[in-house]
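Both complexes below contain chain A, partnered by chain B and then by chain C.
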Partner chain A sequence: MPPFSFDQPQTFELFAEGRSWEPGWLADYRKECWEQFSNLPKRVLKDERWRFSPRARFGLTKIDGLANAKESLLIESASTVDGISFDLLDRLILDQAHSISLLPKISGPNLGADDYSLLTGAFAETGFILRAQASARSDDPVIIEHREPEAGKIAFHHNLIELEAHAEVTLIEKFTAHPRNPGGHISNLLKVRLGEGARLNRVVLQECSQSSSLVQMENFIVGKNANLNTVSLHLGSGQSRIESKGVLQGEGANFDYGSVYLGRNDQLFDQRTIQVHEAPHCTSNLLCKNVLCNQSKSIFSGLIKVEEKAQHTDAYQTNRNLLLGSEGKADSLPGLEILANEVKCSHGATTSRIDPQDLFYLQSRGITSEKSEKLIALGFLNEPLMGINDKNSREWAMQCLESSFAS
Partner chain B sequence: MNSLKIDNLQASIDDKSILRGLSLEIPKGEVHAIMGPNGSGKSTLAKVLSGHPDYEVTGGTATLDDDSLLGLEPDEISRLGLFLAFQYPMEVPGVSIANFIRAALNARLKEGEKIKAVEYYKDLYAHMDDLGMDRKFTSRSLNDGFSGGEKKRCEILQMSMLSPKYAILDETDSGLDIDALRVVSDGVNRMRNPERGILVITHYQRLLDYIVPDYVHVMSEGKIVRTGGKELALELEDRGYDWIKQEAVAS
Partner chain C sequence: MISPSQLDVDRDKGDFHYDTDYTFDAGIGLSEDVVRYISEVKKEDPWMLDFRLKALSTFEKKPMPTHWATDDLKNINFDVIRYYLSKGQQPSRTWDEVPDDIKNTFERLGIPEQERKFLAGVEAQFDSEAAYSNMKEDLAKEGVIFVGSTEGLKEHPEIFRKWFGKVIPTSDNKFSALNSAVFSGGSFIYIPPGVKLAQPLQAYFRINAENFGQFERTLIIADEGSEVMYMEGCTAPKFETSTLHSAVVELVALKGAKIQYVTVQNWSNNVFNLVTKRAIAEEEAEVRWIDCNIGSRLTMKYPGVILKGRKARGEVVSIALANDGQHQDTGAKMVHAADETTSNVVSKSISIGDGRSSYRGLVQMPGHLKGCKNNTECDALLINNKSQTDTYPAITVQGDANSVQHEASVSKVSAEQIFYMKQRGLGEAEAMSLCVNGFVNDLIREFPMEYSVELKRLIDLEMEGSVG
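After this line comes the complex of A and B, so read on.
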C-alpha cells in the first residue's frame, strides 16, 4: 500500500467505500468536499488570510492516517433535560440523519484554512451534535472531550449546535493531550445557529500536547435577540490556528467572544476573527489576550464588518499581548469595514512588556521576580475569563490557568 | 544587633548622585520620622534600602540586624523583614488583593508549610476591619482604580499582614482625609512594639500628632542634616527648611 496522503485520490475512495452504508446525501456531501479540496490551488504565493503565519507548520504532509473516531471524541456529561439532546455524529447518521441535515447547509468560517475545512467535511466520522428545542433550558453544563489522537494521526470533528427560540444551554469543550503517544492533529469544525432569544454559554479549555496541532474553525450565527457568549482558554498545542466568525444575523443579537492564550517554548497561536453585523441594533464584543513566554508567537487578525443595513451597531475588538522575556513575538492586524453610518465601533491592539516598577512593587513584598512575573501575567489574562457567565465554569477556568502557570 | 543601620550611604541614578553619605540608625522599638524638602532624596533612601534596581549604590553600608541589605534582590530584603509602604503604589490589574497578600505570605513559608484558606481569610478580614476597609476589596484588583486614600490603606493592610521587623512609610499620610489619617495612624500605632522599628517619611507635622516619633530627622540634599525630638517638627512647620540648610552649609 502507498503511504497515506491527502494527495492521493485513493485516500478518499477507500474511505468512502468503507462508509457505503451512509445516506446518499451525506456521501454526496463528502464527495463534493473532497473534490473541492482536490481542486484547491496547490500553491498560493500571497494569501492575506495567512499573513505573518508560518503556514508550513500546518502542513498536511505530516499526517499519516486517520484517528480512530470512537476514541477521539467523548461525551463527558450529557443532558438530562427534556428537549435538549447532546449526542455524537456517528451515532446519529443511521437512524436520526434528519438531526444532522443542517451540517452541510451551514458553511465554515472560511477565514483561510479551506483545506482543513473541506477535509473535515469529507472525512469527519464524528462530531458532537447539540440541539435544543424551543424554550428548553438546562442549568448544568453539557461537557464534551476532544482527545488528541496518537502521533501522526488526524481527528476530524464536524460539530453542530442548534438552539431553537429561547433555548438556553451551557457547553464546556475540553481538548486533552494524548496520554502516551502525543503529537496528533485535530481539525475541528463547529457550526452554530441560535434561534430567536436563544442563549449559548460556551467555555473551551485546550490542553493538547506541545507536539500536537490544532485547527479550530467556528461559525456562530446569532439570531434575533439571541445571546452568544464564548470564552476559550488555550494552554496547549504546538501550533493552533483558530478561525472564528460571528454573524449577527437577527436584530438585537449579541455576540461576546473572549480568548486567552498562554504561549510557551516555541508554540504558535494563529488567530483570525471576523464579526459580521448584518442586522441593526446588535452588539459584538471581542477580547483576545495573549501572554508569550520563551520563543512563542501569536498572530491576531480581526475584522469588524458592518453592513449597510446594520444601523445602531455596537462593535468592539481588542487584542492585547504581553511579552514575558525577550524572545516572544506578537503580530496584530485589527481591522474595520463599516458601511452603516449609525455605529459605535472601536478596535485596538497593544503589545507590551511587564513594567519594571510593577515588578519591583511585587518583589518588595517578598515575592520572587519569577513568581511576580507570573502573578502579573495571570492578572493580565484574567479579564477575558471574567466574561464567562457561568460562575462555576469561570472559577474552574481560572484554576486551570493558574495551575498551568505553576507548571 | 537590633537595628536598621545606615552608614555613610551614597547612591546615584544615571550618574546623578542623590544620597550623599547618609547615616541613620533605627533601633527596634523606636519610631523615627524624616522630613525634608521635595527632591532631597527621601523616597530614594526608601527605595535603595528596598533594593530598587534603578539606583546604584556607590558607597556606605546598610544592615538589617546582622544582614547587609546592599546588593540583595528586593524580595530577599522583604523576606529579611523590611517593609516599604510606597508613596505611589502601583496598580496591578487582575491580581486580587487577597491573592497578592497570600502570595507574599507564601513566599515566607518553609518547604512543606501551607496557608490554611479559612484562617487566612479570617486574619485578612480582621485586619481590614481594623482599617475600616470594605471586605469587597479582597477581590478587587490590587490598587486598580483605587482612590489615593484607598491605596494608602491597602499599603498599611499589607504591612500589618506581613508583620515586618522594620517598616518605612513613605508619605503614607499624603492624600488622606482627616478620618482616614486617624484610621491609618491607629493602624501604624498598633504595630508599634519593642520588636519593630518604624521610619515615617512625611511633610506634615500633623501626622506626628497621631504617630508620635521618638526622633525627627531633617534630610537635605541626600544627607541627614539635623536630628531632634518631636518639637523639631513643630519648629520646621514654623520656620521652613531654609535656616537648617544654611546652618548645614555653615558647618
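After this line comes the complex of A and C, so read on.
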C-alpha cells in the first residue's frame, strides 16, 4: 500500500468506500469538497491572504493518516435543558441527518486555508452539533474537548452551532494535548448561525502540545439583534492558523471577538479575521492581544468591511503586541474597507515592549524583574478575557491564563 | 474597481496633430527599437542604453501587481502609448478646444493667463526662461546643480551615476522598470555639503526646457549637512491626453542633510498615475514627503524612506481627495535599518461621490535594532453614501527594543456641525467645504504658503455639487 497522502485519489476513494452507509447528500458533499480540493492550484506564489506567513509550517505533507475520530472529540458536559441538543456528528449522521443538513449550506471563512477547509468537508467523521430551539436557555455551559491526535495523524472536525430566535447558550471549547505521543494535527471548521435575538457566549481554551499544528476556521453569521460573544485563549500548539469571519447579517446584530495569544519558544500564531457588516445599525468589536516570548511569532491580519447598505455601523478592531525578548516578532495587518458613510470605524495596532518605568516601579517594591514581567504581561492579556460575558467562564479563563504563567 | 468618469473631456476635440518630422518620433507602443531610439535621441552613453534595455526586459517579465492592487491596472494598454515625445511633437490644440470646466477652474484658482495656456496643453512651452536663468545663476554660485535628467547624467556622471537607480532598483516593481526603460525629463539636483537653500527649488521653472514627461526621473542628492526643499506639480488641473504617467523619484540625504519634497498633483480624470518614490536617509538625516493627490483615474503612490543611518528621521504627510470615478491609492513605506531611527506618517483622505481612497502602509523594524519608533495616523472622511475608503497597513516588528503605533479612523461630517453652521447663515455646501477644510487644515499648513492657499480653493471647488 502506498504511503498516505492527500495527493492520491485513492486516499479519498478508500475513505468514501468505508462510509458507504452515509446518506447520499453527505457523500455527494464529501465528493464535491474532494474534487474542489484536487483542483486547487498547487502552488500560488503570491497570496495576500498568506502574507508574512511561513506557510510551509502548515504542510499537509507531514501527515501520515487520519486520527481515530472517536478519540479526538469528546463531550465533557452535555445539556440537560429541553430544546437544547448537544451531540456529535458521527452519532447524528444515521438517525438525525436532518439536524446536520445546514452544514454544507454554510461556507467556511475562506480567508486562505481553502485546502484545510475543503479537506475537512471531505474527511470529517466527527464534529459537535449544538442546536437550540427558539427561546431555549441554559445557564450551565456545555463543554466539548478537542483532543490532539497522536503524532503525524490529523483530526478533522466539522462543527455546527445553530441557535433559533432568542435562544441563549454558553459553550466552552477545550483543545488538549495528546498525553503520550504529541505532534498531531487538528483541522477544525466551525459554522455558526444565530437567529433573531439569539445569544451565544463562547470561550475557547487551546492547550495543544508545542509540537502540534492547529488550523481553526470559524464562520459566524449573526442575525437580527443577535449577540455573539467569543473569546479565545491560545496557549499551545507549535503553529496555529486561526481564521475567523463574523458576518453581521441582520439589523442590530452585535459581534464581540476577543483573543489572547501567549507565544513561547518558536510558536507561530497566524491569525486572520474579517468583520463583515451587511446590515445597518450593527456593532462589532475585535480585540486581539499577543505576548511574544523567545522566538515566537504572531501575524495578525484583520479587516473591517462595511458594505454600502450598512449605515450606522460601529466597528472597531484593535491589535496590541507585547514583545518580551529580542527575538519575538509581530506582524500586523489591520485593514478597513468602508463603503458606507454613516459609520464609526477605527482600528489601532501597536507593538512595543514593557515600559521600563513600569518594571522599575514593581522592582522598587521588591518584586523580581522576572516576576514583574509576568505580572505586567498577565495584566496586559487579561483585557480580552474581561470581555467574556458569562461570569463563571470568565473566572475560569483567567485562572487558566494565570496558571499558564506560573509554569 | 472604479469605472472612469464619462463627464471628463471630449477627447476628439483635443486630437493630436504631429509634425512630419520623423527624426523625433518614437512611434506608438513599446519595443526594443523605441528604447534604442530614445537613447539615441538623447545621445546617451552605451551603459545607459544597456541600463534601459535591461529595464525593458525586466518590465516585460514582471507581472501586474493585481494580487494586491486594483484590477483597474489591467485596463492599461501599453501598446497604444507614445513613449517619447520631444519638443515639436507636443499636441497642438487651440484655446477654444479646451473644455469650459477646465477654463472655469483656471479662472477660479487665479492662474495667470500665460500659465493657463501651458497647462491646458495649448502651448507646449511655458515661458519662464527668465525666471529660471536668474535662479540658475544664483544656485551655481553656491555649487548647486539643478538640471534635467539627461543633462545631469551627461555632464555630472561622477555625482549622479553613483546613486542613479540605487535607491529604487529597476526591478523594484513593474512601473519602475518601465520608467527605467523609457524615462525622459525630470530633475537632477545636487546640493553641496553645508549649503542650506532658503528658497524652495521648483520643477515648475525648469519645465520650459523639456515638457513634463510622462516618465519623469528625478534624483536629488543632498550632501552632508545641506538642506533643500523641492516642489513639483501645481494645483491647477493638468489637461492631459496621455493616459499613463509613471515617474521615479529617488532622494539621497547624506549625513545630517534635510530634504523636503513637496508634490501637489491634480491630474485629469483619464490618467493612470503610478509613481515610485523613495529616499535613503543617512545618519541624522531627515526626509519629508509632503504629498497632495487630487484628480487622476488611479493614483498609486507610496513614498518611502529607508532609514539607513543612526537617528535618521522619515516623515510622510499626505492628503488625498478622490472624486467621482477616481481611486487614490496612496500610502507610505518606512524601512528602519539603523538604531534610534524615527518615522511619522500622517495621512488624510477625503472621498466624494463614488470616489475611493485607500491607504497602504508598510513599517519594518528588524530585531537587531534598538530605540526605533514609528507613529502612523490615517484619517478618512466620507462625504457621500457611495464614497469608499480602505486602509491596508502592514507592520512588522521584531525584538523588544522598538515601538510602533498605528491608528486609523473613518468618519463623516456630522449633521450637528452642518446644522450649527447653517443656523449661522452659511449654505449647506459652504458649511461642508468648511468642515472638509478643517479636516485637512493641520496638514495643509505643512505646504508652502502659495500652495496652501490654492489647495484650500481647490478643495472648495471639488466639494461643489457633492452636497444635497
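Operating definition for what follows: the second predicted complex is superposed on the first by the 407 of 407 C-alpha atoms of A that agree within 3 Å, B and C clash if a C-alpha of one lies under 4 Å from a C-alpha of the other, contacts with A are read in each partner's own complex, and residues count from 1 in each chain.
The rule we apply is simple: contacts are C-beta pairs under 8 Å (C-beta built on N, C-alpha and C of every residue); 3 or more make two chains touch, one makes a residue touch a chain.
Just so it is clear, the structure is predicted and the values come from calculations on it, not from any experiment.
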Overlay on chain A: chain C relative to chain B, clash or fit: fit
First, second, both or neither for A:381, with chain B first and chain C second: first
Partner chain in contact with A:251 - chain B first, chain C second, else both or neither: neither
Partner chain in contact with A:266 - chain B first, chain C second, else both or neither: neither
Partner chain(s) touched by A:114 [first = chain B, second = chain C, both, neither]: neither
Partner chain(s) touched by A:366 [first = chain B, second = chain C, both, neither]: first
First (chain B), second (chain C), both or neither touched by A:341: second
C-alpha centroid angle, chain C to chain B via chain A, nearest 10°: 80
Per-residue touch tally on chain A - higher for chain B or for chain C: C
Partner chain(s) touched by A:357 [first = chain B, second = chain C, both, neither]: first
Per-pair minimum CA distance [chain C against chain B, superposed on A] in Å: 16
Shared chain A contacts, counted only where both chain B and chain C touch the same residue: none
Touching residues (chain side chain A, partner chain C) in the complex: 46-48, 51-52, 308, 311, 321, 323-354
Touching residues on chain A, where the partner in the complex is chain B: 355-358, 360-369, 371-372, 375-376, 378-383
Touch list for chain C against partner chain A, complex: 67-68, 367, 380, 382-412
Complex interface listing, chain B residues touching chain A: 50-54, 73-75, 77-79, 84, 86, 89-90, 92-95, 99-101, 103-104, 107-108, 141-142, 158, 162
